[in-house]
Every structure is written in C-alpha cells, then in structure tokens.
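Shown next, in structure tokens, is the structure this report addresses.
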Amino acid sequence: MKREGQTRIPSGCAVTAVISKSGERMSGGSIVESMIPMHDRSNGLGGGFAAYGIYPEHRDFYALHLFYDDEGCRRECEEYLRERFEIVDAETIPTRTMREITDEPLIWRYFVFPRRSALRSLQIDDREYIVRATMKINSTINGAYVFSCGKNMGVFKAVGYPEDVGRYYRLDEYEGYLWTAHGRYPTNTPGWWGGAHPFALLDYSVVHNGEISSYDANRRFIEMFGYKCNLQTDTEVITYIIDYLLRRQGLTLTETAAVIAAPFWDTISHRPEGERETLTYLRTVFSSLLVTGPFSIILGFEGGLMALNDRLKLRSMVVGEHGDRVYIASEEAAIRKMDPGAEDIWAPAGGEPVIVRVKEGRY
Amino acid sequence: MGVEFIYPEFEVVRNSSRCIACRVCERQCSNGVHTYDPDGGVMLSDESKCVNCQRCVSLCPTRALKIVKSDCVPRENANWQADTIKEIYKQANSGGVLLSSMGNPKPLPVYWDRILINASQVTNPSIDPLREPMETRVFLGKKPRKIERGEDGRLRNNLTPQLELSMPVMFSAMSYGSISYNAHKSLAEAATELGIYYNTGEGGLHEDFYVYGPNTIVQVASGRFGVHADYLGAGAAIEIKMGQGAKPGIGGHLPGTKIVGDVSRTRMIPEGSDAISPAPHHDIYSIEDLRQLVYSLKEATQYKKPVIVKVAAVHNIAAIASGIARSGADIIAIDGFRGGTGAAPTRIRDNVGIPIELALAACDTRLREEGIRNDVSLVVGGSIRSASDVVKAIALGADACYIATAALLALGCHLCRTCHTGLCNWGIATQRPELVKRLNPEIGKTRLVNLMTAWRHEIKELLGGMGINSIETLRGNRLMLRGVNMTEKELEILGISHAGE
Amino acid sequence: MKTYVIIGGGVAAVGCVEGIRSVDKGARIVLIAGEGRLPYCRPLISYYLEGKTDFEKMKYRPEDFYTENSVEVVYDTAVSVDPASRTVALGGGGTVKYDAVCLATGSRPFVPPIPGLENVTRKFGFMTEEDAIALDGAIYPGCRVLIVGAGLIGLKCAEGLCGRAGSITVCDLAPRVLSSILDGTASSLMQACLEEHGVRFMLGDTAESFLPGVARMKSGVDVAFDVLVLAVGVRANVSLAKDAGCEVGRGIAVDTHMRTTVAGIYAAGDCVEAEDASGGGRRVMAIMPNAVIGGRCAGVNMAGGDGTFDSAVPMNAIGFFGLHALTAGTYEGELYEEKGERTLRRFYVKDGYLSGFMLIGAVDRAGIYTSLIRNRIPLDTVDFEALRKAPSMRGFSSEYRREHMEGWK
Amino acid sequence: MKRVTVHEEWCLGCHLCEYNCAYANSGIPDMVKALKGKRIFPRIKVEDGGTPGSVTFAVSCRHCPDPICVKSCISGALSKRGGAVTVDRSKCVGCYTCILVCPFGAISTDGDGAVLKCELCLSNGAGTPACAAGCPNGALTVEDIDIPEG
C-alpha cells in the first residue's frame, strides 16, 4: 500500500481544541479525554495533539520533533542538524509502552537555533531558515521526518486512536495554554506516523476534518513558493497556505480566512464599500488559495487559535466557553467531556473565522 | 473534362414524393445548385456546385432534401485515400496551393476525449448547483506577487487592470471581413449580455461596434489593419496576435473581393485590395522585440488595458510561454492546431502545430516550475467544443477558454469548410449583402447567449459533482482528471494519472 | 343624459351608432328605421336573387349589436326635423327631442315619367329587400325580363336573374354599360362578359312608352316582356334636411365633420354631397364605405368628439360572373393604360397625383392604388412606373411602410 | 393580442411564410399532402424584387386599429374582434370592395368567390401564426400587444 506522500489519501476526522485566554497552563489530560466520546470519528489509523506553552525553559529555541525509521537516518539527520544549527538539547521524547501503540519509530526532539552565519549568508530570517531545513530533511533524508518545528510548542502524533496516542506520549505530564487534538479516519493508509495530524510548520499547527476538493489547485499553486507537499494531505497544504499568507504575505488572520474561505461574490457585492474592495482584491489575487469542499480546521499558533469552516459549512464544528477557556470541537460531546460547565455552545457559520487570542504577555 | 474531371463530392438527394417545388432551396443556395424546371414543374440540381452547407436541407419545409457523400470514389486504397487522390488531381489541374477553411479535420488524437472528470462519492459531498451558489467568475490578468499596505495598514489595491469574466469562456478572434457585420454584431451583443468578451481579430473595429467596447478585445496583428489610437482605446484589452493555431508560421490573406465598403474603411485599406498579413510581425524578430510592443501598447493606452499575447501551439510552446510571461504581457492565449480559420493552406492547417491539451499542460507546468504562473493568465483555444472541454482545460491549468468554431456553429455554421469562397449561405463568412442579412443578429445573439448559458449550467453541474463551488479551485486541479487510452508519456505531459490509479 | 337621434336604417346609421358609442357610452340613442328592418346592406340584394345570401346573413350587424349598444330602434318614419325645438316628428305621431340628430336618409330610385308605365303590372324597383322579395316572387322560368338602366343596379339585377328567366334584356339611353364609372373600352369588356351569359343589351335606346306586355323603344323597336325592372338611377333623400333649413344641392351639404349648415344636424351616407378627395369637386358619393365612415364620423362629432372625414373618394367594386371591375377617383388627367386579354388597367394622373383608376379583370391589391388617391400621395415619392405594372408595397419608401403599416419595422 | 410584426431588414425572400401559411390554412395535417402539386393561395405574400440584394418582405394583413376593409365590407363578413380582422367566408359575397380599399393589398382571393386574409392563425389549429413560427430569420415575429378595438 502507498503511504502518505505516495498517493492522496482522503479521510474523515475529529478535532478538538481548548485555550486559556489568560494563558493559564492546562495539563494535556483533559484534551486526551475529550477524544473518547468521538472515538467513532477515528479508525485507529492516526491521532495527535499540538500543545503550546509546553517548553517555557526553551522558549527561545525551535523545538524540532522527528521520527526516524532507524538509527542510520538519525545519524544522517543529526549530522545535517549539527552543521546548520546550534543544538541546546537533544533527547528522545518520553513515551509509554502500550499494547495499543505498536511499530514505533525512533522519536526525538531537539531544541535548536540556526547558526547566525548561515542566516547571514542566505539573507533570510530564522523562521524561513527553519522552514527550508524542514522541507529539506523531509524531502531528502530518507526515513527522517520533522513533524514539529515551532518555538515553545510541540506536536505529538502516532498511528492509533487519539486517546491512546495521548496516553502514549504522556501528555498529562505536559502543561500548555493551548491544546488541539485530532483523530483520523483515513480511507486507505497503511498507517504511517508522519501521516497523522496535527500537521505543523513553525508554530502553525493545523487539525482538520474534511476532504477538500480544491487540493490539487492549492497544492500546485503553493508549490511555486518553495513548499513541498510531500504528504499529499489536505492538512499539509492548508498549513502551507496559512504559512504563506500569514508569514510570507503578511495578511492578518481575518484576511487569511477571507482567502481560504472567501465569501461568495454575491455576498461580497452586498458588503460596505471598503470591505467590498478588500474582499474582491483578496479573492482576485489569491484565487488559487481558495479552499473548497468540506473542512473544519483549527489553526494553532503562538498565542492563539483560529477555527474556520468551509464556506458552505459542510463539516460540523461547535464552540463553547467557560470562564477564560474556549473550547472547540467537532462535536459538543467532546466539549462537555472537557468541561461539563461549558456555556453558550454555538456553531460558527461557514467561512466565519473564530479567532481566540491569549492575553498579550501571558504566554 | 476528361482527365481534369473530378467527380462531385456530394450528392443532392431529393425525395420527389415530398418535394413541393416551393423553390426555397433554389432561392437559398448561393452556389446555384438548385434550379426550377417550369416545364416539368420540378426542381433540378447540379451537385458539382454543392459544398454540403446544409442550408437547403435546413430550410426545406417538407424535409425532401438530404446531401450525402458521393460513393463514386476511386478504388479503395488505405494509403492513397480518396481525398488524397482528389487533392493530387486538383493540384495537377491548377498548379496551386490547396486552400481550406475551419479547423484541422484529420483524425488526430483529441485528448479532451481521453480525459475523464472526477466526482465526489461518500468521503466528501457533491454540491447541487440548484441549491448552493456556484461561482464561475474569473479575473484575467497579472496578479501582484506581494501585497502592499497603506499607512493606515489597510490593503492597497496594487492590481494591474484585469478582465472580469462571468464565466471562463470568451469568443476568440474573428475579423470583420473574414466574418460578416452581422456575425460580429451577434458576438458583440452576446458578449455584452453574458459579461464576457469577444475579439475583433485583425480587421479593425467597425464604428458601430465601439459601443460594445467594454466587452471587446481589440487585436493587433502583423498587418496592423485598422489599428489606431481610438481603436486601441476602445477595447477592454489588447491582444497581440503572433500566431494562429490553424496556420502557425504563416500570415493571413483576405482576398480583395471581401475588402468592400465598410470592411475597407474599417481596415483602413483601399477597396478591392488584398489584405495580406505578414507571417511574422516585422518589428518582432525576438522576445525582446515583443516586450517592446507590449509596452508600446501599454504606453499608448496609459497602462489601463491588459495586454494579451496570442501564439499558436507549437513544439517549444512552454519555453515560448515562459518568455511571453516575462515580456510584460498580462495574458497568454494559446491556440491549438485544431483551431479554425477563414482560409488556410490545407497542408499547413493539417500538419503544423500541436494539440492544445498538451500545449496547455506543458505551459502551465512550466510557468509553475518557474514560479511565474500568477504573473499571467492562460487562455486556451483551438477547438474547445463543449462545457466538459472547458472544465478539462481549466483543470489542466487554463484560466479561461477561447471559442470560435463553437460560436460560429451556434450562429448557423455547418462546417462546410468553404469560408474562403465568400459564399457562405449562413451569412457568416461572407460580405455579400444578400447573404449577410441571413444572419439576424438578434437571433445570433440569442443563440450565443443560449449556448453559453447552457455551458455555464453544465460547468456548474460538473463543478458541483466534484464538490467544487468556485471555478477558481478547479484551475490547475489536475487531480480531478484521469486519462484513458494514453501512453505514459502523454499522461506525464498532461500531469494526470491514468484512470484507476 | 343626452339624446342622439339617427334618422334612417342603413349602414350610415350603424356607423353613426358606433361613432357615438366610441365617445359616449351612456347617452340615449334613438334609431328611426323607416324600412321596418334592422340595417342591412342594400347592394346585397342581387346576391339574394342569386341565392348567395339570405336575409339573416344580410343583417349588417347581428341583432344583439343594438341591445349591447342600448340603441332604441323605432320602426317609423321621420316627417320633420325642427332645429329650433330640437325635435323630430314621427309619422306615427309623437316627437323625439334630440341633442344632435343625424340624417342618414339614403336615396330612393328615380322613376322616370314614361307613358303607359302605370299600366305595367309586373314592374319593380331594385333597391330594398322589399324590392328583392317582390321581384323574386315575380320571376318564373321562361319569363322575359326587361331592365331599364345599365348602371350598377340594373346590371347586378341582370346578373342576379341570370339563369332564372327566359330572357333578360337591358336597355339604357347611354351608349354603353356602367357609363357613370367606366369608359367605352372598359364598358365593352363588362358588356361582353354579360352577353356571354345570355344578357341582351339595347344601348343608346330606351323605353319611350309602355303597352301591355310590350315596351316601345326610342328606336321604334318593340320589346315584349313579362317583368319590368326600373333601374334608371337614384336621388338623394334631402327633403327632411331641406325643410329643416339645411343647405342642399344634389345631396345634403356637409363639411368634413359631417355637419350640415344647421347646428345640431349632421348627415351621412348616400343622402349627402361632400368634397371628392380625388379632385372631383362636391358630389354625392353614394357608396357603402363612405356611408359607414361618414356615419361614424358624424356620430363621433355628435357626441362631442373630434372626427374628420376628408378622404371620401368615389369608388366602385363591381363584378359579373367572376369578371371584376374596380374603380376609384375621377378620370381626369394624363392616362396610363395597360391592356391584356380581357384585362384593362387605366390610371389617371393629374398634378402629380393619382386621380383615378379603373381595373378590369386584373384587380389584385387594387387598394394600394386607392390609397394613393385617398391619402393624396405625391407620385414622385413612389415608384409609380413599377406600381402601374403591379401594385406592391415595394413601390413605396421603406419609411412609408414603417410609418403606415401597423407592426412594420 | 398577438400581432405579426414584419422586420423587412431580415426578410430573405425565401417565401417559406407563404407555404407555411397555405399549409396552416389547408386543414390537412401533412404538408406534402396539403401542398404538393397544388397552386397555393397564401394569405401572406412576399414582395420580391427578383434580383439579389433587392428589398424583400412579406405582406399580410396589418389588422389596422381602424380597419377600412371592415367598414367597407358590404356583407358584414369582415369584422374585427379581439384585435384581429377576420372574414366569415360564408357571409362574403365576393364583391371585392375590401380589395379595393385595403391600402396594403393584403386581401386576396382563391378564385372561389369569397376573399382570403390573414387571421393570425386564430382558428386554423396552428396555434400561433405559422408564417412567423416558420420564418428562418426572424423577419416575421409574433408580438403580444394591446391593440385598441377599432
């Protein structure tokens, strides 16, 4: 069977997120629990989590999480890293041995910073450097796969049901102000750890439920800008689109949402003049980054999240609040599991971004 | 006679039990095939004049007529086929270059017919265009590489002029002269009503049609016929015609018999003089010359009009497209080898150029590899025959399609391929007033609008089936296509997988 | 509520009713019909003789026309009109007050004072349904019919009787048939046609006296007959108008609004004389279209509307045994002629206008010529040469067609 | 009320309207059977200069607002109802007064005595004027308009 990257694999899914607006750090135990009632939205072929604020001691360094197929490729990759990065810490990511999780790869994490000399000679910033290095490792070092490369955040994913993956990675031992989770229901994957979600680039992590119809249009466009869609998954391409729009073009989150889930022309024509022009401009310039077909995504980034549905709202997604917590999930049951007291459960409209930020200075 | 005799290609079959001798056929045949015999009270026919345009067949009120291919042919020979033999006879008779019209009729591969479209099943929903919005609007033109913000932090509109299309189809270039006033008027009015564009071709713009300027693309070709400042300013965009799919590498020739009255005035050449467009633009012998013309035209129109560069699909088309994209052009139009023409040397029409499907795929891929696909829009023509051809072209990477033959068919053309005689019985490819009036532009416009409306519905249906609700996300979405009956190489060039993969 | 009175029961009266109702839906309309019948069209009586129609079909409007238009039909005769008191006195006694009155009194046959006429028992006029019924009853197979008068009435009568009588003889003092509307050549074509069907003519000759069963002709010949029809001519009925003080010539004088010279009194139909639009001066143009249109015009003006009828033209459509003669206007000016076998087309051009025409045999689309006369179309604005050969709308300018033809673009 | 509008600019002089008219008024369901070998008496006639490029158009009754033919009809056979001037051929005596007055020459005969004219296919089963329905170039169109009664 072909794995992610060799063929395109559609899948159904479950997503969850929780964020503390005051930046209070929460144990991962709760979000792992939230996936239990949505067990049937996954099929055991992938689960994962993104956690923000978990590495305060290394907050100025990029945390690279890697899967290795074997020691050979680990050595090759580490050599690559040593040449280009200052590595302040390198370790295996602690896991639990459990019956439900098998065929583990080698799982490592490194806290790194690009060498200044390299940045100077390439005339790029450290973030771009990280992106390029990630692309390079993932496309050229056979058996090595960077699946997380942001600061003070990390992605944890595996083949298995998400609640098992959470326990496997001992997430109850981490504390973060923002957690997202994903349970996967791919239709034809042999189960490859790298193919599980969240998908992340820098501090952007995306969990996604859906199957977009615009995939190849988006992919072929975004690949013009140096991105390599190695996994051929929706989540991957959406992550790159978000990175391109937010980081490379400098759009705001709202503007980004207006590209990805652009309002219909008819809707635009009824908007007030200034807004109408902006929306028309965005649709015209970035028309190839419109995403159609069903999706509900939760984008995590340093200091906040954005949840977004496709413009027809072809996938479920609800939001609830309690105190300084905001919960988002495919199903209300997941929110209730995390916080039975959650209030004001509501369903955002198609194309309506839900943006939640942690108070400035609290993350 | 004797050795020069060539048996007529068609037979006029008249069902005498149905013919009421109303003489409509006689009155409607500009070739003089039918005559009335008052003695016998019956109609007679001279099939040697018949071109099988089907005018008489279409108007016969009792369906007493049909035109069939003559079965009086030379002895069968797979190598020396009847048409080939006839061509030899004709050339032996005349010593001349064979002329023909419309697109390449040879049985070369039509890749559209080997490409199949995807649809949603189970894992994501198809979308019903009758229930949900389904968008077909397209903007053609260069897109900025980077956004800009004003001091207030708001996005600044740094877009260069764009063409806005309600659907990704335009009427491609057909000159006034090669086609009639009424044909042009039909196209202009239909384009206006549909919110798309038609193209003047290289014949200038008749003064009556300046009112359709906002939906007009004015063409500048190697003959520069009818080109002046007002003309350039009249349209919504300017197209530089470097080549034409039906006859890559050669120019055009509109015989003096068609340069009459308004045609002569519009082209700005004397009545009766042949209008000869040179094979190349004599001020463009290289890509940097093209760049100069692009910017000359932009200067002449204060950078208010996008500039299109139209080229024929030839072997090295991807590299050519890359060059054009870097020349300052906003839109590249590529014309495939099945594209039509009012007149072309038969050998050229049938043997020069490459299929548009391969040219399109190669160009789109190349422009993406070079990261400049968003610097230009791609418009393709050269036998786009249906809504599914449009959908396949967009999925291969086109922004929009040019149609001409399909538009002419809507206007009544029966593809008899004798445009060059100027005797078009349907009032399209003629300048004879009594024939021109056979095309009532009110009817012509309605039929074009009908055709495009129908295609738009079909495009929406196909999009909805794929779970797509905006044409933008179909563009270059090659995953929506699969090939059948193709070699690995063909699939590779098209960038699609084989069906079943 | 106003009261409008119409005196006369012919087609002018019907036109008048329609004219009034087009302006005033509520007024009272009193129609005084002297013949004791609802209006019918008199020229049809010859077709009645032929059996081509019957009295039911001959009614000019169906009976419900009069109820639908609230017309009080009074079968009586008017004996006088008093413009001072605005009343009409009826023969049966009583008067009707009017706000406006229309004299549509028509015409009556002229009976010449021929000695011995009083002794002829089977003698008939040929104007009314009564006449037709009486004549119809008098005819029997083999009877010999003598018709005095070879005008429209006499000849239509002859045609109507053809095949029903033993012999038909038509005499007229004039040297040719239809002398009032045709010239010699044209007359002889029509005459020949009738002769082919057995009608015998004695022209330039007429009955000078009558003996029992015999007419002694001016030429001295005696003509034996069983049935005599007098069709010498008609006279307009003008006495009511004259007595009311209206100016009267050969007919009641009216202007283009169909007003007589006395206020409140209008007139229309065969009883009036008016200006001939073809340039023939004031004359009685006793033809059916003029009666209907004139009656309508009178009605419109009586009810306070504004109607004008200034295109009255003398014209005649007559045909015998399939040979038709259509004529219009006056025969003055330069003559253009087109002749064929049994066809004759004559056009008269005066001062750049078509003044009249006569068409025998080839009559298709004759109305196009009539319109040239009625609408006073200068011939230099049309292709008259082509039109003479064959009437067509192509002979007119495209602008003319667009302007005058409904729904023409 | 329906009206046949003539667009003379678009008339090709093909004469199809004449045949469609004759067929529609023939009462015979098959056109060949209706017209083959017969002289036709259409109520619409194409005027044709006979040379290429000459003006051609088809003339049929214009159903005038104030039709002089109706006023002139001695038998009451012609009448205008619902906007259309129609002829009751059983009442017509063939006097041809209408032919004498119609300014467009739109009334004709078939040699059978009574006159013929366009009745907008109101009573012949064609449903809509057959001349316009069969016109290949929109030179005859059917318009729905309000025609005031004459």
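Labels A, B, C and D are assigned to the chains in the order they are written; within every chain, residues are numbered from 1.
As a working rule, contacts are C-beta pairs under 8 Å (C-beta built on N, C-alpha and C of every residue); 3 or more make two chains touch, one makes a residue touch a chain.
Note that the structure is a prediction, hence the values are computed from the model and not measured.
Comparing the CA-atom centres of all chains against that of chain A, the greatest distance is found for C. Compare each chain's C-alpha centroid with the centroid of every protein C-alpha atom shown, and the nearest one belongs to B.
Centroids built from CA atoms put chain C at 103 Å from chain A. Chain B has its Cα centroid 47 Å from the Cα centroid of chain A. Centre-to-centre separation of chain C and chain D, using mean CA positions: 28 Å.
Rounded to a whole number, the gap between the C-alpha centres of chain B and chain D is 43 angstrom. Residue positions of chain A touching 2 or more other chains: none.
Across the assembly, chain D contributes residues 7, 9 that each touch 2 or more other chains. Not a single residue position of chain C touches two or more of the other chains.
Applying the touch definition to every pair of chains gives A-B, B-D, C-D. The touching residues of chain B, counted against chain A in their complex, run 120, 123-125, 127, 132-133, 135, 137, 139, 143-144, 146-147, 149, 154-155, 157, 159, 162, 368, 371, 373-374, 397, 466-470, 472-480.
Across the complex, chain B is touched by residues 8, 10-12, 187, 210-218, 220-221, 223-225, 249-251, 255, 262, 264-266, 274, 277-278, 281-285, 287-288, 290-294, 311-312, 314 of chain A. Residue ranges on chain C touching chain D, taken from their complex, read 15, 41, 43-44, 47, 52-53, 57-61, 288-289, 292-293, 296, 315-319, 324, 326, 328, 363-368, 370-371, 374-375, 391-394, 398, 401, 404-409. Looking at the complex, you find that chain D touches chain C at residues 3-9, 47, 49, 55, 57, 59, 62-65, 68-69, 71-72, 74-76, 90-91, 93-105, 107-108, 113, 143, 145. By the touch rule above, chain D contacts chain B in their complex via residues 7, 9-10, 12-16, 18-20, 23, 31-32, 35-37, 52-53, 134, 136-139.
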